[in-house]
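Going in written order, the chains are labelled A, B and C, and every chain counts its residues from 1.
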Amino acid sequence: MFPKNAWYVAAMAEEVGEQPLGRTICKEPMVIYRNAAGSVVALEDFCPHRGAPLSLGRVVDGQLVCGYHGLAMGCDGKTVSMPGQRVRGFPAIRAFPAIERYGFIWVWPGAGVPTPLHPLHWAESPDWAYGGGRYHIQCDYRLMVDNLMDLTHETYVHATSIGQKEIDEAPVNTKVNGDEVVTSRFMDKVHAPPFWRMALRGNGLPEDQLVDRWQVCRFTPPSHVMIEVGVALAGHGGYDADPQHKVSALVVDFITPETDTSHHYFWGMARNFKPQDSALTDTIREGQGKIFSEDMEMLERQQRNLLTHPERKLLALNIDAGGVQSRRVIERWLQAERDAAGAVLATAGAAG
Amino acid sequence: MFPKNAWYVAAMAEEVGEQPLGRTICKEPMVIYRNAAGSVVALEDFCPHRGAPLSLGRVVDGQLVCGYHGLAMGCDGKTVSMPGQRVRGFPAIRAFPAIERYGFIWVWPGAGVPTPLHPLHWAESPDWAYGGGRYHIQCDYRLMVDNLMDLTHETYVHATSIGQKEIDEAPVNTKVNGDEVVTSRFMDKVHAPPFWRMALRGNGLPEDQLVDRWQVCRFTPPSHVMIEVGVALAGHGGYDADPQHKVSALVVDFITPETDTSHHYFWGMARNFKPQDSALTDTIREGQGKIFSEDMEMLERQQRNLLTHPERKLLALNIDAGGVQSRRVIERWLQAERDAAGAVLATAGAAG
Amino acid sequence: MFPKNAWYVAAMAEEVGEQPLGRTICKEPMVIYRNAAGSVVALEDFCPHRGAPLSLGRVVDGQLVCGYHGLAMGCDGKTVSMPGQRVRGFPAIRAFPAIERYGFIWVWPGAGVPTPLHPLHWAESPDWAYGGGRYHIQCDYRLMVDNLMDLTHETYVHATSIGQKEIDEAPVNTKVNGDEVVTSRFMDKVHAPPFWRMALRGNGLPEDQLVDRWQVCRFTPPSHVMIEVGVALAGHGGYDADPQHKVSALVVDFITPETDTSHHYFWGMARNFKPQDSALTDTIREGQGKIFSEDMEMLERQQRNLLTHPERKLLALNIDAGGVQSRRVIERWLQAERDAAGAVLATAGAAG
């Protein structure tokens, strides 16, 4: 269950090159490519001629050409031409709203009118750098939202990198502001775990002193989680410390449903220190990729367990509040979609 | 949906050696072997003792012996012997009509009385050579018939070997003669594509001159497609040119259903030039095998798209006429099978 | 269909080390580990917090800790603690009776009261040595019972090691003693097959003389098969020969259902000669492992054939009597379980 009337990340910009990309978003198989103007286009991945996937085709001078019999498809889902054929009567395929921005390709899989894309200030500021990747994970996207909105799992799943005992000893605080859910945790005077030692060292700060550490997770619908993370040398104000005493960053998570039990996980880290240092970007990406891969087996096996035991009620503890509240926001969006669909039907009925 | 009362290629003759071969033809799992007389036998792949697959057994002095407990099975599906047992009351398994001929093993998976096997003159003439192979493809066999009865796909799928722009620019002509469907295309004064350059060169003809090229596809039920292909140096009469000015061959396609969404594809090329040149046979086989493998991903992905969208109607353009007409012939055969089954039931009812 | 109120081998003792083991027994996914006292514990593999598999966790000071958020689980299926949480109201998970004995870990997957574990004298005597292994096989456990209670298959499946023509020429005798089924075969004055030549040689006996060979298979519920096997130099009394003239051993088979169409097969050999010779144990284990792997493809393909043809009745010959009678014992146990369940319901109804 996922809202369809929303902007989802379908791909990292660099994934769509000369070849069209086939990818399923919210159960909609799509072909994604760039047209002659360089704009991204997302269409149903289904050639109206004989049902071949258009993603096996080619982009010729910015036009998508089916790789089976040469049908040339337009950006609006209407056939432009086909050798030796009149194509005016050909059935159209669906075109999905698509935008390339912030280094990502965004698509709107629903039938409703797209809203403006939300701003991501860090993605457009020269003071920030970003590096990230994509994982394909066989579980409901909401299990990943749960995962990211409850970081006590770091102590257990990521024991050798970012986990530390103090995480699940520190109280967690969850707030809901309209559609935004914020869950935060502050750990004062702790030892920095390996990942943060590396970051301190890389920023010319001592890695062996006690630090104040924080994690502020923000969920926004449909399924984005941004996490402010950082450490400051103890006694300088923690989260509010002067930049010279701290290292901080933003963990970026776009969680895009593929099917009911699989999703595309776009993860990365944005930072506002040493933004020009591309070697540092690579190092962080590699470390983060390794850490996030540790979650995959747990999530996929959890999914299988839940499918085996659909009757079991899970617990909703204080640490789970972030995920629970996020699911409530998702449920509100789903209900709004159902209401809108009902209203359309009612209008149609009144008109008939 | 496939007719069962028909001769299908089950294997290339060389596939059945000392060991019995297990293969499913038209949803019937069969074991195929050669008996003491050297004749091929096709039986249900199911030992009447405990259900073991007989294809895991051995052929001992021309007799099929189950590899589990030693039951010896006869060519008629009746148990011949079993150590320490009286076998007269053992239930019989089904024996399928089977013939070895033209370098292939043919089986008749239906319950009706077999018709004579159709002649293949090129397979028995010393003036012809043949080389080919088998692919196992996860799609309805009719998608392969469509593929072969509309060669405009060569321009797109086989761009680097036999495809060329002129194919889909040349008009196609389709005729139906009873159960035979013929679709043909003639391209005059074109450049020979790489495959035909190789063939011209191999026949001592210049490869850089303009040629007249032809493709004449013949579908015959249940699912055989033979394609006359060739090029003649331009100005010598094309298809009708004197042999010294042309290179021609016959693309041979036996398309045998395995299940509703998979088939065995026996492909090859018969040629009436240099028939003794076995190195040339190997070269052509290798080239053709590579070309035909290019179709597989497209066909399998097309199949998956069609399964996802069973409600979609595909287009039937002029270029699709060969496939459309072939499917009509298949549908007539299926209807005839249904009628015959109905007549049997009606007779049984009247008798009862 | 398998009785659930019975002791099944879940693992070899050495399979449960520092990490908890996840394994499905009789359709119950279990996590198996050793507690602080060193006793084995088997619980549902489902964390009551969020459904993560506990088998992905860790054992810390003898306590099972969930690898996702650190819930500490007790041996009785009740949560002991969780960082920052009160756990008294947490739902319990199921604890299965479990025993470590005879080198194996035994579990009782049913809800009934466990009976005492049956004795295995060879497993506790210093005069005996044991070596074995485990295979995971995709077929109904009863097909393996059939396999082991009818050793005529050795002639065909194991032709190069223990099979010989005389096996299926010798009469087989099957007796039922209560829940025990015994099927035996004696072959006098035969040549020893390769496996037994090796054993004779290893025991300082001539390998080229004629021998008397025996196989006595004993099925006991739920699904254990012990086979007395051996050869004696001909003319010394066969099965009853003085130890100096024979080599004998016990083939040990614990067949544990996983699902309706898969099982864990624990195989091995116990012998009362040269019990200290661990190199010999390894040699025998290697040989036996190779032999038993020869059955796997046959059994898995037989299973698929039976699933394809559920309507077919299999034969029940004299050689099949061991398997047929064993299945009758299993069916009696199943009926007793159904009766007990009915009685519980009836009592509940009368009470209500």
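The rule we apply is simple: a residue touches a chain if its C-beta (ideal position, glycine included) is under 8 Å from a C-beta of that chain, and two chains touch if they have at least 3 such contacts.
Bear in mind that the values here come from a model prediction, so they are computed numbers and not experimental data.
Chemist: How is the touch graph of the chains shaped: line, ring, star, complete or other?
Modeler: Chain contacts: complete, every pair touches.
Chemist: When chain A meets its copy chain C, do both sides use mostly the same residue numbers (more than half shared) or mostly different ones?
Modeler: Interface between chain A and chain C is built from largely different residues.
Chemist: Could you work out how far chain A has to rotate to sit on chain B, using CA atoms and steps of 5 degrees?
Modeler: Answer in degrees: 120, to the nearest 5.
Chemist: Just curious, how far off is chain C from chain A if you go by their C-alpha centres, in Å?
Modeler: Taking the average C-alpha coordinate of chain A and of chain C, the gap between them is 48 Å.
Chemist: Which parts of chain B, given as residue numbers and ranges, touch two or more other chains?
Modeler: In chain B, no residue touches two or more other chains.
Chemist: Spell out the part of chain A that touches chain C in their complex, as residue ranges.
Modeler: Touch residues, chain A against chain C: 146, 150, 152-153, 155-157, 168-169, 171, 297-298, 301-302, 305-306, 308-309, 312-315, 317-320.
Chemist: Please name which positions on chain C make contact with chain A in the complex.
Modeler: Against chain A, the touching part of chain C is residues 29, 45-46, 48-53, 56-57, 65-70, 82-85, 90-91.
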